[in-house]
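Note that the chains take the letters A, B, C, D and E in the order they are written out, and that residue 1 is the start of every chain.
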Amino acid sequence: MAGLSGILEWAFLVPLLMVISFVVVGLAGTRLKRLEYGGWIAVLFAGAALVVGVLVAAAEMLSPGQYVNVQYTWFQLPPAAGTFPNGFRLVAGTLVDPISALMLLVVTVVGFLVMLYSIEYMHHDRGLARYYAELSLFLAAMTGLVIANNLFEFFLFWELVGVCSYFLIGFYYEKPSAASAAKEAFLVTRVGDVMFLLGIFLYFYTYALAGPGNGWAASGFVFTNGNQPFLAGAMGGNSTLLTVAGIMILGGAAGKSAQFPLHVWLPDAMEGPTTVSALIHAATMVAAGVYLLAVTSLFLGFTATDQLLIVAIGGFTTFFAATMAVVHSDIKRVIAYSTISQLGYMVLAVGAGFAMVGLFHLFTHAFFKALLFLAAGSVIHAIGTQDLFKMGGLRKPMRITAAAFAIGGLALAGIPPFAGFWSKDDILGGVYSQLGTHPLYWPFFLLAFAAVFLTAYYIFRAWFLAFSGDGPRDPTLPHAHEGSWVMQVPLIGLSALAVGSGLLIFWPNFQSLLLNGAGAAGIPPVFGPTDLALSGISVTLGVAGILLAWRLWGNGRVYVLPESSWAQPVRRLLLNRYYFKVGYDWIGQRGVYSVARAADFVDQFVIDGTVHGFERMFAALSERLRRIQSGVVSDYAAYVVAGLIAVFVLLLLVAPYLVTLVGGA
Amino acid sequence: MILEELAFLVLALVAIATAIAALLVRELVHTILWIAVFFVDLSAIYFLLEAPFLGVLQLGVYAGAVTVLLLFGIMVTRKRIFSREAATGIGAVPFALAVVTFIFIVSVVGEFPSSAGTIHAYSPADLSQNLFNVNGPWLLLLGLIMLGAVAGAIYLVREGRE
Amino acid sequence: MTDLPLVGFIGLSAALLAIGLFGILTRRNFILLLIAIEIAMNATILNFVYFAAYTGGTAGLTGQSIAVVLVGFAATEVAVGLAIVLALNRLKGTINVAQATELKL
Amino acid sequence: MDLGSFAGPFLPEILLLAGTLFIFLLDVVGVRSTERVGAVAVAVTGLALLFVIADLGFAPLAFLATIPAGQIDAAGTGSALYAFTSLGLIFQAVFLLATFLVSLASLSRPSQDRGAPIFFGLLVLATLGMLLVAIASDLVFLLLAIEVTSLATYLLVGYTRKDPRSLEAAMKMYVIGALSTTLSFFGASLLYGAYGTTNLAAIAHVGGAGGVPVLVLLGYGFLIVGLAFKATLVPFHAWAVDVYDGAPTDVTAFLAGGSKKVGIFAFFLVFLAPILFVRTGTGSPFANGAIALGPILQITLGVLAVLTMTVGNILALLQKEMKRMLAYSSISQAGYMLIGIAVGTAPALAGATLQIFAHVFMKGAAFLLVAGVTAWGIGPLIDDYRGLGTRRPVVGVAFALMLLSLAGVPLTIGFVSKFVLFSAAVQAQGYFVWLAVAGLLNSALSVFYYARVLRVMFFEEPAAEKFPAGAIVGGSGPSELPAGGFGYGRAAAIAIAVIAIVAVGIYPQPVLGAIQAAAQHFVAVGA
Amino acid sequence: MLPLISLILATLVLGTVATFFAGARSRWVALATSVVFLLEVAVLFVNYSGWPGYNGALVPGFSESESYSWIHLSWLQINYTVGVDGISLVMILLTAILQIATVIYSWAEERRPAAYFGLVLLTCLGSFGVFVALDILLFFLFWEAVLVPMFFLIGFWGGPRRRYAALKFFVYTHVASIVMLVGLLALVFYSGASSFDFSSVYAAARSLAPVPQTFLFLALFFGFGVKFPMVPFHTWLPDAHVEAPTGGSVLLAGLLLKLGGYGLIRWAVEVLPNGFHVSQPILFFIAFLSIVWGSVLSLSQRDLKRLVAYSSINHMGIVLLAIALDSSLGLIAAVLLMFAHGIVSGLLFMTSGSVHHTFGSRDIPAIGGITPTTPALSTMIMVGSLASLGLPALISFPAEFTALLATWNGLGYWVFVPLGILVVTAAFYLWMMQRMLFGPPKGVPIGAHDVPWYEGVGMGILVAFTVLFGVLPGLLVNVIVSSPIKGWPGP
């Protein structure tokens, strides 16, 4: 099927279509009331993008290992002395390779489904034109990021993704909490962005001088279709500067993917519409971070220290986020913490050297997480609350939703044969195989393992609370009902994917995406269950978690932790999210803002005060000098005589001294 | 020559004394008297310096004309000729200024020989030759000064009858 | 031909100038001011005369010429001063310079 | 020696003398109308101006030139009392220009003024003195020529004899002037004692035989003080403010625009030789040679220059009266001009000369304008000028141009002159750069009080009672008079000034080139 | 060849004069002048010798150069010499854009419109002159010519404390220009340059010894730096901005600050390389100080205009940093950033002006949730803020990216300072948007409606260029690198 590979050069159509959608909807949306203020147009474009995305993925699958690079020079410098002796060029281009094809598939599929789902879900909201325009731009940015062919372009779209999420999280801007959450999301990820930026500089700088030749700068720092990362080839695998660069990239990824300690923004981002949450959590925003790590790992390479750090961050976050999910009562927040936790797995995988396994988990996770969110959205749409403790018994009126949520939950909990099992199992297996690398891998591996249990527990706690039992705990809730086909189609489609996407790994064409994407770097990944004992333990843990959830929450039960329990402080700590947000707010308000006020004081009173002091001095001097004009001519004569004496002093004493001082004529 | 030096000393002291007296006495008419003595005294010094023409000029212009002019000024501006000036203090600052000026000027003394020098005499003929021929333009300028002074002074003093 | 030390003349003219300056600074009566100015002017003329006497030759003659011109100039100056003060006296009725302070600051 | 060849070079001076005598004669025969007497003065000064410009080598007027080319900038003989230098001729032109503008404007003075012959006669006589200053090459000649101007200006200041302010000003000017005269002659006597000559060029050279340092320094010290009176340097300036304020404003214009420059040029004449003599390095006038006279004088003059501009500016800052503010600004401008001789190079002299040239148009014309505006009934305070700019835009813009030029705003003559002057100071390098810095900082300071006038004139509402409609002296309504009721003479004078301010500001090359050439000759001859 | 630059100057001079005397029609005259100016600048771009196929230049390295003698003395050779290179061309384009945007934005100015538009045009005329002048005196003349109209714009059309602000502006910038002038004069006379022309000064001064070069450089740097403005000589800027009328603020931030940067590049860095190298640490210190100080102070501002003003200090600090790096990349970044900041801060000042017109206040805490009332204005504020905090696809991003990359290359980990400040910059803009644009409506007067058409068009022009050059920065970079410095090939 060589004919299909021609589509690879047209991959830029995906973001372009969404940009067009953004422009059209953004400009004309308000006048298109009958088309859901442009919603249908956006769906149309998203569909077109989906088609292109699927075609690209198919082409890549059919002729594995294709790298197609199309680029446009953004700006360039002629060769000149300095850091970039052979010139310097920044380009914008598309690089279609197995991993970007994989990501394109994820983004377009989830994006299209979310867009479709929104048509009904958002129907009653105001500002729909803005919503669809921003959503289109969001997808454009994400797809652009996915097919970016260099880090600079990557960063460009990365920032666009950030700003779109900012607007979407703050969609209900009239709610102060939404506006605040949007700002928080932007700011926290901005911290990561700044580190990312420095990482880019470090890579540009290092490889332009000592990497695969100076040509890298002149050619636009493009990701090359190398057989191994730059690092291994150029630096012998290690360099302090590159370690720092890796840490910076990790920082960037941590910001976007909400890894510890930059995780605070993601739960608050639930202020946006649920559809947006689905998109952010599944395919776009947070996926970008992991994708960045994967790309860096594959093309540039991490040093061993970096890898340890990434493993640590990923492993710890996995467990850390899961603990918080255990106690929360907001259905979306529970899912949000699960996202952080799952992202931790992916980061862990990349850190251990299995970037492709991480991406595989990203792939499966995208579907079941989108499914969970859309299902949760369906619930919220039906009864208008997000509080699990008010829900109950929704299984009967909302069968499809309940089933979808259950499928998603099972996938999340890693129960075979659902999608999550295959990918998560590969991660755990992969990390397990690398435990010998460094003794410090052990604790994080164990944390990740423990998180399997917690995951199963909290997601089914949520399911039981919402769907089991006889009826809602809060009788004032409206009568629940299932949404129309527009909402059901995405649920069903995603359910299918949540079941089946993991199994795709056994399809050689699909597996070729993951195998070739590795670029033969590092440890060759092995897909499918390898260590049955390990898989057994993890599945057992998952089942145990579900059982515990059923024991405590099943059938409408509500477990209340005794007030005197030793666990109460822990529960409070978890409910307060380890006080991270409080701490950050304190730094922001008490710390930075106080410094700003103090600086303002200095500006107004010290710097300006000095100037005004001079001014007053001049005025006083002028006033005093004025008094010598007494009007009495004798005084004037006295000035003349005094001046005469002064001239004598100058001529006879001062000036000769000065002249001898400077050395005569 | 002791005699001439003595004469100079006396004349100099008289000049200083009369100058101070002229400024310090409170009776204005007395002032005129003292200043007249001062002018005459200076005229004597010019004779001592063997500049007879200048001595005569000093007598004529200063001791004569200027003194009369000043007396006339007092008569016109005063209702009673023998009125006394209000007492004015010497004033520390003006005194200090005058003294410092004096010291500065006298400080050149160290650069001159303290011994006596020759005094040259000039005949009035030579002087007039120099005055009217070589340096004639000075006199022309003096004429211009007087022209303006006369015209303006007359206009100022004349009672305007517009 | 007589011989006299130069320093004495310098001292005399310096003293006269100082007295004149002192008078200008302290006297409030305009006539006295004029007199003080004349004392100082006489110091100047004296300077020219004795420098001329010590210089000799054509240069010395120049000095005496200057002295002659200055005598004439000084007299003219007094006349102008008197004219001004008489006009002022007519308007203000006083020749005290300390009372002519309409223009100040 | 036939009379023609002897008198020819002095044609401008003779013209002025004849004019003076003719005007006094008119007074005697009873012709006292301002227009007629003034016309004589205007004609005489204008004609003399033409002759001077012709002598300067201005080609279209070459047929009027009376001084043989060989006599201009001829190397000094060491004994002459006067000499023609092209810089001196330029100064003659400046002086004549000032008088021309003042007499032109004074044509618009009230015609029933019985003092008109005296006014114009003394004006022309004072100008004659100034012309003689410009050709002086002998110290006594110089001082006497200055006295011609001085005595005439004392009387000019007091010529409105019914005005006590005017007479008080005359008295003050007289006292300080007489004191200064005495001091400068005293200084001249000391220099004469030291060198045995009063020829300016000879003084420095003769001294090489064995001068007496302290006597020379004292002599120059007295001369600095004596001349500083004329040039209104701080701290010898106190009289100037009162006199500028009290004198009839047209006379003030003459004082600021003309007679004070005499002092500056006297500084050039007296101090260039000693400064250059040492600067050229041919030897020291002192026996021991340990102390160089030139730098000493330069430092002293530099200090005076900085002091003058700074104090003048600071005092101008708080002035509430227009004339006094302009007076203080005039004092500070003298500081800039003094930089020229303190630096003592040809470029610096050229810059200072241009500054002096500019000052005629800026300050002289400003006073002329103030005189005209005062005749409309506008009071002496700056605040009285409220709304003038909007009521009489032409007058307002003209005044604004003068003030902007004084402040040194680009594309005005004031900017060019300051620019050249400060460039020259920097070009001289060494510690002269600090003179440029001081000058520039001062010009920054000066902007404040000029800007205040602009603000009052353009941005503030007029106070109604201060601006009586139709209060135009001369009985003509503003609709008939092109310059808003100043009278033709004054309007013409101001128009000339404004044109000069802008024209020279935009293209200074002709004027500047002539001045620069003259300054170079001046320095060459002086050395 | 057509004397294009003189032609543009003539257009501006005539337009300005005509505007002053056009009375009620002045806005049309001003608009016509601006349009013609923009067209002529377009011709200048097309004609520019940096493009392939050009040959010959009167002043080496400069295109479109003209030279006529002006003052010609033995020691003082001053010419009317003008010309452009890539850097000045970019600045000229900025001038033309801002001029037309400002004129349209201020369309409804009612207080003495003739004087207002005339002064606006005069400011742009002066800026244009500064950018084309290749003679020291000419440069200084235009430099000063900018100052005066701005003084009047602030002093007459300004807010309640306008007198104070105008005076402060004048004092600071005037003192700075004096120091600068002394520096420039010393540059000529100490180097022994044969004339005031850029080329001869350039040739003569580069060979000066390091010590005099350092003194000269520092004098010039102070002169240009106050305009920048560099901390601690910056306090005139917030006051001037807050009190100035919107058009004045736009030009002040958009053009006047750039004069400092341009002057530094053209007359100091290029001409005095040794002095520059010695002074680099000082420049770095001041740049970092300005970056941090401007940003931190923005955080504590309540007044929208003040906030934007302080952010200008921050951005110009980055410009200074980029210049101080003395690298190709840094220079490109500096010029790009100046252009970007000119457009973006212009936009932001326009929005704050519109906020003031619409809501009667610019107090950020007092206004809230304005988006439903004024969606267009809110969008402009968002675009401006996002552009200012460096969002990709908007104009500041390529500039900041290049600047920071250059900083890393030149200074290593010091880049953390500007990088960290990027977060603070984001913080104050986001906080401002959160409080003003979002949340429940507050302080919105009854009957408030969205911006009038002219304000919208004025801002729209700037938004268009923000996006255009954000997407295609290569258009500018190609021009910049055709300048004859840094070893670039030049025209």
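Please note the rule applied: contacts are C-beta pairs under 8 Å (C-beta built on N, C-alpha and C of every residue); 3 or more make two chains touch, one makes a residue touch a chain.
Keep in mind the model is a prediction, meaning the values are calculated, not measured.
Kindly list the shared contact partners of chain A and chain B, in label order.
Shared contacts of chain A and chain B: C, D.
Averaging the CA atoms per chain, pick out the one whose centre lands closest to the mean of every protein CA shown.
When every chain is reduced to its C-alpha mean, the one closest to the whole-protein mean is E.
Measuring between mean CA coordinates, which chain is farthest from chain E?
The chain farthest from chain E, judged by C-alpha centres, is B.
Using C-alpha centroids, which chain lies at the maximum separation from chain C?
It is A.
Counting only C-beta pairs in contact, which chains form the busiest pair?
Result of the pairwise contact count: B-C comes out on top.
Just how far, in Å, is the C-alpha centre of chain D from the one of chain B?
32
Centre to centre, by mean C-alpha position, how many angstrom separate chain C and chain D?
27
Need the CA-centroid distance for the pair chain B / chain E, whole Å please.
Taking the mean C-alpha position of each chain, the two centres sit 71 Å apart.
When the C-alpha atoms of chain A and chain D are each averaged to a single point, how far apart are the two points in Å?
So the centre of chain A lies 77 Å away from the centre of chain D.
If you look at chain D, which of its residues touch at least two other chains?
Expected reply: 140, 144, 147, 151, 154-155, 158, 161-162, 171-172, 175, 179, 183, 190, 214, 218, 241-242.
Send over the residues of chain A in touch with two or more other chains.
626, 629, 631, 633, 637-638, 641-642, 644, 648, 652
Using the touch rule from the top of the page, what residues of chain B touch 2 or more other chains?
Within chain B, the residues that touch at least two other chains are 93-94, 97-98, 101, 104-105, 107-108, 112, 135, 138, 142, 145, 149, 152-153, 156.
Pull out all the chain pairs that touch, please.
A-B, A-C, A-D, A-E, B-C, B-D, C-D, D-E
Can you list the residues on chain B that touch chain C in the complex?
Interface residues on the chain B side: 1, 4-5, 8-9, 12, 15-16, 19-20, 22-23, 28, 31, 35, 38-39, 42, 45-46, 48-51, 53-54, 57-58, 61-62, 65-66, 69-70, 72-74, 76-77, 85-86, 88-91, 93-95, 97-99, 101-102, 105-106, 108-109, 112-122, 126-127, 130-131, 134-135, 138-139, 142, 145-146, 149-150, 152-154, 156-157.
Show which residues of chain D lie in contact with chain B when the two form their complex.
Listed in rising order, the residues of chain D that touch chain B are 17, 20, 24, 27, 81-82, 112, 114-115, 118, 121-122, 125-126, 128-129, 132, 140-141, 144-145, 147-148, 151-152, 154-156, 158-159, 161-162, 190, 212-215, 218.
Taking the complex as given, what residues does chain B use to touch chain A?
Listed in rising order, the residues of chain B that touch chain A are 93-94, 97-98, 100-101, 104, 107.
Give every residue of chain D touching chain A within the complex, in rising order.
Going by the criterion above, the answer is residues 171-172, 175-176, 179-180, 183, 214, 217-218, 220-222, 224-225, 228-229, 234-236, 238-239, 241-242, 278-279, 281, 290-292, 294-297, 299-300, 303-304, 311, 314-315, 317-318, 431.
Tell me, which parts of chain C touch chain B in their complex?
1-8, 10-23, 25-32, 34-36, 38-39, 42, 45-46, 49-50, 52-58, 60-62, 64-69, 71-80, 82-87, 89, 95
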